[in-house]
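Structure provided below as structure tokens; questions to follow.
Labels run A, B, C and D following the written order; every chain starts at residue 1.
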Amino acid sequence: MVGGGRDAFIGAVHRNAMALDGQIELVAGALSSSAEKARASGRDLHLADDRNHGDWPSLLADELKRPLEERIDFVSIVTPNHVHFPVAQAFVEGGFHVVCDKPLVHTRAQADALVAAVKKQGTLFGVTYNYTGYPMVRQAREMVRSGQLGELRKVMVEYNQGWLASQLEGAGNKQADWRTDPARSGAAGAIGDIGSHAENLVASVTGLEIESLCADLSALVPGRMLDDDGSLLLRFKGGARGVLIASQINTGLENDLRLRVSGTLGTLEWRQEQPSQLVHLPHDGPKRILTRGSPWLCEAAQRASRLPAGHPEGFIEAFANIYAGIVADIRARNAGQQANAIAADYPRVEDGARGVRFIERTVASAQSESKWTPW
Amino acid sequence: MVGGGRDAFIGAVHRNAMALDGQIELVAGALSSSAEKARASGRDLHLADDRNHGDWPSLLADELKRPLEERIDFVSIVTPNHVHFPVAQAFVEGGFHVVCDKPLVHTRAQADALVAAVKKQGTLFGVTYNYTGYPMVRQAREMVRSGQLGELRKVMVEYNQGWLASQLEGAGNKQADWRTDPARSGAAGAIGDIGSHAENLVASVTGLEIESLCADLSALVPGRMLDDDGSLLLRFKGGARGVLIASQINTGLENDLRLRVSGTLGTLEWRQEQPSQLVHLPHDGPKRILTRGSPWLCEAAQRASRLPAGHPEGFIEAFANIYAGIVADIRARNAGQQANAIAADYPRVEDGARGVRFIERTVASAQSESKWTPW
Amino acid sequence: MVGGGRDAFIGAVHRNAMALDGQIELVAGALSSSAEKARASGRDLHLADDRNHGDWPSLLADELKRPLEERIDFVSIVTPNHVHFPVAQAFVEGGFHVVCDKPLVHTRAQADALVAAVKKQGTLFGVTYNYTGYPMVRQAREMVRSGQLGELRKVMVEYNQGWLASQLEGAGNKQADWRTDPARSGAAGAIGDIGSHAENLVASVTGLEIESLCADLSALVPGRMLDDDGSLLLRFKGGARGVLIASQINTGLENDLRLRVSGTLGTLEWRQEQPSQLVHLPHDGPKRILTRGSPWLCEAAQRASRLPAGHPEGFIEAFANIYAGIVADIRARNAGQQANAIAADYPRVEDGARGVRFIERTVASAQSESKWTPW
Amino acid sequence: MVGGGRDAFIGAVHRNAMALDGQIELVAGALSSSAEKARASGRDLHLADDRNHGDWPSLLADELKRPLEERIDFVSIVTPNHVHFPVAQAFVEGGFHVVCDKPLVHTRAQADALVAAVKKQGTLFGVTYNYTGYPMVRQAREMVRSGQLGELRKVMVEYNQGWLASQLEGAGNKQADWRTDPARSGAAGAIGDIGSHAENLVASVTGLEIESLCADLSALVPGRMLDDDGSLLLRFKGGARGVLIASQINTGLENDLRLRVSGTLGTLEWRQEQPSQLVHLPHDGPKRILTRGSPWLCEAAQRASRLPAGHPEGFIEAFANIYAGIVADIRARNAGQQANAIAADYPRVEDGARGVRFIERTVASAQSESKWTPW
């Protein structure tokens, strides 16, 4: 693992997710950009001293020196965004499989370079768009892709939070600090941090491709350097319309990611805060509430579930499903087999690259006076 | 009453709303554009023969001939949109108080003429934006206006229906026929029919004024002549941002009008389909669910309520509250008094005119390649 | 109307319900037990002086003197409970159709006498168990009766309120005064006032007959003379089991009447505070949310609905549906016809009598040391 | 671990819960009553061969032979109920700390013996009443115990499932087989399996002690040998009243455990299927929705939470909180310290024994013709 030391938020979640199913063991790390904090964090986690590194180049160098059977199976990169690219690129070039947090990198050039490197090396590369790990998101995907909604017409995706409604940056909140800092977060704030999840959710569930977009990005908290509120009109190839909202200044809202997809035959609604429910409104009958763990769900949804219906699963389980997909792919690779597609279900480097393009196009649109910015 | 005969939808609702509180008696009408259907409809409603007219000019002429004490107190215009203007104008010029359905008229020129006529005559003029009659909308208005949300930053309003997701027009559905016909509905479809409610809800609750807007209007059902789906980005004076969506092709959705307003101190959420709840998310404490009928609500909300908390009120009650406001104003006028502002709480001709401008600006934006169309 | 004057709660609701559909005109009354208040209340409602009586015997005598075509079509009795019996008995014996609030009377002897009188006179008699007027309750009834739940096994009905959680009686609250007074309310408090609604809801929806019951009634507010909290175990003929709870000391709860019925093939859930939804959980597929106004509902539910789906209807509309049933029955009777069963859908005097028996048996059980008290 | 091999349900959940926080390593086991299946299951989980036993006496004997520093820190017993007692007793007597699933044992005599053994040995003993591990249950406990509801008056607890609504036993469903078999499940079915959770939830949150109870237990599925539906009236010391329902024949219900507690100052409501919400209805203000992860929660709730608000946690996390409490207690013990009470928050052997008494008293009441069976 690179990043995720003391004070980090998402690193601990990655570790919970890895541990959950007993399939992944954390054996080596460079857990912070500060060598001292990195090592202290590694000791907290009982890493062996010789695999507890002060910086990621040491980790990489050390792993490369080890015999193949001792090496890590993959590296997980959970640093702030600006560190993703060099680490990912180096590990891919070193022949390692990589799991990287989102948004993947800062620029389209970096994204293209990374895609090319992965292609060249033939390694596996997963991006932790964790919300697509929820079983009912996979059920939604199956229902849309198999035509149960008919032809898609309208997509509404919102990701609203309230935690950045006041100026936390510069006041001792490490998360707020880097997420509002262009040097570390990239060209976008809310749109990069959570809008990219919204984009991925739409792409994953619907398969629709954005044709053009029209964005209004604002920094509504005085003094903020990156957008904390963004709203986009979307036009998809084939004629469907969409709206995407990502905002971190909706006071009191927690983590309100929600998706609505309407087609000629029905509508689906899903909310991350009630992840076990998928609401289906067919055009010719009453509303149906599909729930995780039910025997009538698709295989992808069933396999992404650990407990019977009514026993809530949550964020960590969804996150663990992304890791489970990567592990299945690595295991198949190691066994010289083709992975089962339903087992090896996780976002790839190309999804990450598309997310980077989304951010770049959104920022371009926000700076444009033309209504529509092409994809 | 003008319009609202057999087969009409909203006319019957107006009559339920008028009847509910026992304050209004329907005594005269020209209930259809077909003289025969008008008279048959009047007989259904037990109108006296001499006040049951085949067309509205006869109704007007007859009322003007009657002594003042026999005349109707006001006329209610519930026809399809294209008839609003001539009828309203004629009755205002005849010195009658008027209640008119929304959207008020087809063009800004008509709206301006009507506002001028009302001003000149000094008559009262209500527009039945009925959703502002809900007690919890009035509570929301009070909380926003009194500063409980702090400075407003983001407004999200959606009005989604599914009933026009297939091509009902031309297939014997009278409601679909006129609402998708530019000659009768005006320059806009969904944006005029329900988007105008959304605009009014935002204006009423927040008091914010739109500075510029960016609209995408689409007719997604093949062959449809007016928009059935519209999405707008809004910029308000003072810096708040907004999104407004009005769509009638969200298969399976019923009458899903919802509003979210976020300020520096909190967020409010309201859904028309659960109208007795107002969700308040303060920045510094747990979510609160305010319910109709509670003693801690503002006076405007309390007065708009007939039943104790937990005894559901609905659409007709909200509609009746608009009428109750107009009746209070007329009673005060007749008594030579200034009406109590909380009692005489109803949308005025100026609100109707602003709604017409909203439609006109939205259509202009939809046809423009510039991102922002000024108000 | 008898009762329902100034300060009364339910009288005004009856009048709203009567007015809503424009089918019923209030023409005569004795609106209070105080002659002065009765007449003042009648003047508020624009009753003609000669039909605005100071007491109900005068009203009855006056009506009997009038020629048949001038007489009231029916009387509505909305007094506190202890007055129901003499008034109802007298009007029935006078040959009038009667609508009476619930619980019908105080004792089984009174109930039997009233049933006998109605039978003898051949008049119509409705009891305003208003909750059975909700369209989705009628839909539930249809689904249960037509076997969609299979064989019934378990019934859960709760009616919880919080308004009597403190000692309001004796403190100027007229509602609390009479409802906690055995002389006016009868042998039971919460069980009579709201438990009787719960009993009626179960009987109406399921058709199950209670075989034996086991009750625990308590007056939890110090000094209270009647139960404010009651819980019952129920055994139904045929083997189904049930629980019935009626409590008025659940602080903060509003009017939380809810029903759950489980059979071998599925479960239904309904909550009065969201009356437009009926939740159906089939044994072999996902949860379904049936909503008022949908085309796939049964005819009884459709006819009990005034507005399209998504336009909330509430308590008054449900109440008005009870009146509409009675009006349909009276109209048919007056026309010498058999009423359409779906139109003339309202609780009868026998339902009221069964409710009185329920209260009597519950009080007997509460005083018994035996577990099961037979019906 | 004893039990929890292939085909077991709850064993896997225990392992997920143990793994989640990286604090517990599974090193030894006797995972099934079949030696062959036990060893195969252990190989699935990568147990070392010398710690992968075919039966639990071998496991115990082997551990006792090992030097203290190599021994397991505690044993987790996740077998069907009838095996709990001998295993637990033996490990306690061997000086081991024990975690045991619920219900603890079959009889009060066994429970008393176990309590005595634990007392004598001075070992730690946790019972996995996992629902008390939910943060919002701990918040509810704190609010009740600190007097925020005032004096308690009414408790309503329901635990409804539908999975046993048809006769699964004898049809290849291992879970159904043992849970409906008196030899393995004990004297009670639904009341033992899930009613005991309901009892524990009430006791944990309210601290109320049952004074007497009145139970109706039924086997509603033909041929079933143990109750699948139970309803109880409860009287608590001090005067509060309660209802407890546990049923496994509510077709379509999943895992619907819900609690309502009303006091003089307010009511709390919690539902296991939406575990992150706690609804608080104060007597003097609007309903409040407290959510997991909020800074205004009590310390016990905050410590039981891993993720920010809005990032759903679920069943496994709650289960892991029970284990975390036990681990904290063991660590403190090993360090020779008194454990922090908020950290070492888990149900003890005495809670398990009280649960056994509850089952025994409930079965006695169900067989009695007297209304009230004393505790």
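Simple rule for what comes next: a contact is a pair of C-beta atoms (placed from the backbone, for glycine too) under 8 Å apart; a residue touches a chain by one contact, two chains touch by 3 or more.
Computed from a predicted structure; not experimentally measured.
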item: Subunit C and subunit A - chains in contact with each; value: B, D
item: Maximum centroid distance from subunit D, chain identifier (CA atoms); value: B
item: Between B-C and C-D, the pair with more C-beta contacts; value: C-D
item: Length of the line joining the C-alpha centres of subunit C and subunit D, rounded to whole Å; value: 43
item: Euclidean distance of C-alpha centroids - subunit B vs subunit C, Å; value: 35
item: Multi-chain contact sites of subunit B, meaning residues that touch two or more partners; value: 253, 287, 291
item: Contact footprint of subunit C on subunit B as seen in their complex; value: 9, 12-13, 15-16, 19-22, 45, 161, 163, 253-256, 272-276, 291, 293, 306-317
item: Complex contacts: residues of subunit D adjacent to subunit B; value: 280, 285-291, 294, 296
item: Sites on subunit A touched by subunit B in the complex; value: 149-150, 153-154, 156, 158, 162, 165-166, 214, 216, 218, 220, 229, 231, 233, 235, 239, 241, 243, 245, 247, 249-253, 260, 262-267, 281-283, 287, 368-372
